[in-house]
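Take a look at the structures below.
Next come two complexes, and both contain chain A; in the first it sits with chain B, in the second with chain C.
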Partner chain A sequence: MAKTVLAVDDSSSLRQMVAFSLKAAGYHVIEAVDGQDGLEKARNQTVDLVLTDQNMPRMDGLSLIKLLRGMANYQKVPILMLTTESGDEMKAQGRAAGANGWLVKPFDPQRLIEVVKKVIG
Partner chain B sequence: MTIDMSQFFQVFFDEAEELLAEMERLLLAVDVAAPDAEDLNAIFRSAHSIKGGAATFGLSDMTEVTHILESLLDTIRKGELALTIQHVDAFLSSKDILKMQLDGHRHGATVDQDTVADVRMLLQSLLQDSLSNAVVPVPSVSTATSQENAAGAVHCFRIELPQVAQRDVDALATELGLLGQISTAPLDGKRFVLTLTTTESVSDIVAICSFVLDPDELKITEQAIPAGSATGDINGEEQGYGFFQPLEQIRNNAKTDEERGYGFFAPFVPNGGGQTAVGAEAARPAADQTRHAPPIEATEVNINEKKTPVRRESDKAGAAESSSIRVSIEKVDQLINLVGELVITQAMIEQRSDGLDPMLHERLLSSVSQLTRNTRDLQEAVMSIRMMPMDYVFSRFPRMVRDLAGKLGKKVDFITHGAATELDKGLIERIVDPLTHLVRNSIDHGIEMPAARAAAGKSESGRLFLSAGHQGGNIVIEVSDDGGGLNRERILAKALQQGLPASDAMSDSEVWQLIFAPGFSTAEAVTDVSGRGVGMDVVKRNITAMGGTVDIRSAKGFGTTMSISLPLTLAILDGMSVKVGDEIYILPLGFVTESLQPAPDDIKQISGQGCVVKVRGDYLPLIPLYQMFDITPRFTDPSAGIIVILEADGKKAGLFVDDLVGQQQVVVKNLESNYRKVAGISGATILGDGGVSLILDVSALLRSSQQLGLESAFT
Partner chain C sequence: MPGKKLLGSQVKHLLSGVSDHGIQHLAEVETDLVQTALLLNEAIEKLGASFIAIHAAVTAQQETIEQLLSGQAPAVDYAAKLKAVQGEIGHHANAAVTGLQFQDLTSQLIDRTVRRVTGLREFLGTLGSGGAGMLEDSDSEQVTQLLSRINEVLAAQNVQLNGVLRKVVKQHHMGSGDIELF
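On to the complex of A and B.
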């Protein structure tokens, strides 16, 4: 059965690219337009992996990760940050918030699929 | 598997365009002295998103510009640099070049690389200034607690362990691995040394180690960070991704507890952060698990296959994503065209059923009338798809007004009204240029310099209104300023000087119309902005070509209002059908003021100039339509036929036809794209009986009627 990935990004082109690539690779993808939306969508269903952007209106990626980690069924779900900032500070913040890893933008679809495969098979 | 990225280009282009527009809107609204933090964030986010997308789609020129822009915005957003008007100007210029680059990628438009280089240099220099002037936060003194340190600097610790069992070393390595990047190396055969790159503090390391060994036996020293190493990246660093924990651990956590219940190993491994609660016993199975990862893989597959019917909900949630869709304009136009055909077919059916006996065919006739209603509703609904809010045009002006006013040293308050008013997409695109010209004129010629305004007892800031609203079947767009108004004397003097027919006896509105004459300009100095004599006639021509009209209202000292009236759509037209001989022509109803049958005495022949008709004391030129198109009419005597009085471009004339047929809505078919341009004809339509009828270009007709008169004067 296809695994579900929650893709959170305010940029619709990026989000559609992520969704399209992962769908092509056989995953089920739920899209969310910002942290708030991501949180609501995560609350209503089970997902196997969360991919989130950092810089978003309403709620940023770090806040989303912290809130997800506070939810009983999201304590162990892998969360990867998709970020243009690959600086140490951002990584440290991501780790502190509870992310499991990061993927720097820009990335090509193959790279994304490769990383997602590594994490959830 | 290869994935074609080009399919997302269009989405990115649209998105980037929206983001740029949003960025500009925010920049124009920003209060430089006290910028709103949320606005700065939003501006930053726009630049950031464009950068992300541009980088993903390989548009490196845009990535480069947004990168500098983003860096600069970031320092301002963080309060490290105060926002100045220079910044806003530079940001606006960057928006312009980004738009130019975007158009370059999108439509193959030319990109002026010099401008790009200039703006980049400007941004760079501002960024340099920011780096040298920035309020550098004082680094906190070495007593940082682990909390403060968590999001801070990266350290590399060398941890010399005392002599402990191998399994304890493994357990510690796993646990400390949660803090960052760890490596284990033997020290002297029996002991081990761990190297940990982390953002956590020494005390955290000691706390974790204390579960396994006596902290006093530990020797922790800080080392220089090895080049290329970053916090907690287990692997994939060069590939642009990384994980904060061993992959196996993330993967095992990924299984739900329920799945885990089926599994072979189920040690509970808490995720990062809960180190203090973890003892050596808990850590050991975690390490074991790492070594046994492959078998888990195998079981995972089986388990997953058994558990299928779970995912309903999420499908539904995904489907309820968006309430609007993007459709190409071609599809919409095709739809409109098809509805147009349907309207014609419906009219044919209606006309053919007219002669039927209502008693015998009652049910057919009631169906036909229902079809008529449905067709009309369908037509309205489909036409509304092409409608766009005037905001599409209005939103361009705040920036232009700001730049112009700045350039001219004037103060202008810009106010829009009715931005939600909708207009056909085809018209909205064509109204941009004329409107831009009028707004420019208002700022350049209309609104006075602050000192002059103050002297006249007005506020220093001029007011410029841009409004749109419906009036009957038309949309009326007005550009209004509270400036000096048009100068009647100067316009008249200039008109006479240029040999235009002008006299003191002309009414104000006639005088105002003079400014639409080609080459007319009263501006004393030709400014950089306007007043070069090209323009108003072009404005007028463009609007007339759209089937619209321009009116001017002006009062000296109080301001000027330019009022543009446009039909709501170009695809359907309210027409008056007239008959000459066997032909039926359509006159756009907007140009028809009245129709009458003149008395023979009211027709006067002017030698060599054709005929005129007297209407309530005024003599109007008479255009015999049969002569224009060289057809045999039923009547050659105007008093036997009908005169339709037409008005366009401030000119009036009487069109002599055989008969009026009626008034009806017609679907306009473009003659140019189906045949070729024909002088005096603006299009064609299909009538209810299936016949084709030509739609007359009234403005052209009025113009050529004067030529006709001149020609006959020479022959």
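On to the complex of A and C.
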């Protein structure tokens, strides 16, 4: 059965590119338009990996991670940040919030697939 | 005399505030627009190159299929050729996916630019409405108080604007970014 990735980003083109890349590698992709939408979709479905942007309306990536880590079924689910932000301070905040990795945009599809495979198989 | 000194100080404060605020935000707008242009240029170059390369690979693929169908050589020879072309198409499609992410980066820069321009418009609006409250027969104390209020509003607007702006997009190229697993 295909593993499910929840892709959270307010940019529709970015979500489309993530979905295109991961679906080609055999993953099932659920898309969410911001942190709030991501949280609702994560509550309603079983997800193997969360891939989230940082700067989004309504709820940003760090807030989403903190809320997910507070949910019993998301304490061990890998969460990767995919963002334009690349500062060490921001990465440290992500790590402290519970992120398992940090990917800086723009992403290369092959490298994204390699990372996802490494994290969830 | 102290009243005149206070008035002079408020006028000076207002003028330097207008100047600093305007220069700071317009400089940021200029930087963001230059960066947007750089990213768009690089993205279109990347996408154009990918499009041409994919077209060439698909044409080569079609020729190989036609040769295969006409039975000019053993099928096994064509299998490797088709596999190589398929790999080439995948490589160029990946490059196109990286290039297509320009919208995400540039929309953040444009969003910042719009917010700064809106902030400047509100700033100038505050100056206009503040100035309208100044009467011809206002004495220096009243003018000083009015200028002081305008200065306070402008300072608050500046802080508010910086608070709502998204973080700086540092990317100047459409090449793939770093990856770090914790």
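Quick note on the criterion: the second predicted complex is superposed on the first by the 121 of 121 C-alpha atoms of A that agree within 3 Å, B and C clash if a C-alpha of one lies under 4 Å from a C-alpha of the other, contacts with A are read in each partner's own complex, and residues count from 1 in each chain.
Simple rule for what comes next: a residue touches a chain if its C-beta (ideal position, glycine included) is under 8 Å from a C-beta of that chain, and two chains touch if they have at least 3 such contacts.
Computed from a predicted model, the values in this text were never measured in an experiment.
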item: Fit-or-clash call for chain B and chain C when the two complexes are aligned on chain A; value: clash
item: First (chain B), second (chain C), both or neither touched by A:Ala96; value: first
item: Chain B versus chain C as contact partner of A:Val115, first or second or both or neither; value: both
item: Partner chain in contact with A:Thr46 - chain B first, chain C second, else both or neither; value: first
item: Contacts of A:Leu14 with chain B and chain C, given as first, second, both or neither; value: both
item: Which superposed partner A:Pro106 touches (first chain B, second chain C, both, neither); value: both
item: Region of chain B that runs into chain C when the structures are aligned on their shared chain, from 181-189, 199-207, 235-243 or 271-279; value: 235-243
item: Intersection of chain A interface sets (partners chain B, chain C); value: 11, 13-14, 17, 20-21, 55, 84, 86, 91, 95, 99-111, 115, 118-119
item: Residues on chain C engaged by chain A in the complex (per definition of touch); value: 93-94, 97-105, 107-108, 166-167, 169-171, 174-182
item: Partner chain B, residues of chain A touching it in the complex; value: 1-2, 4, 10-14, 16-17, 20-21, 24-25, 28-31, 41, 44-49, 53, 55-57, 69, 73, 75-78, 80, 84, 86, 88-89, 91-96, 98-111, 113, 115, 118-121
item: List of chain B residues in touch with chain A within their complex; value: 1-3, 5, 7-8, 11-12, 15, 42, 44-45, 48-49, 51-53, 55-58, 150-152, 154, 199, 230-233, 236, 239-245, 247, 250-251, 253-256, 271-273, 297, 300, 304-305, 307-308, 310-311, 313-315, 317-318, 321
item: Chain C contact footprint on chain A (complex, rising order); value: 9, 11, 13-14, 17, 20-21, 55, 84-86, 90-91, 95, 99-111, 115, 118-119
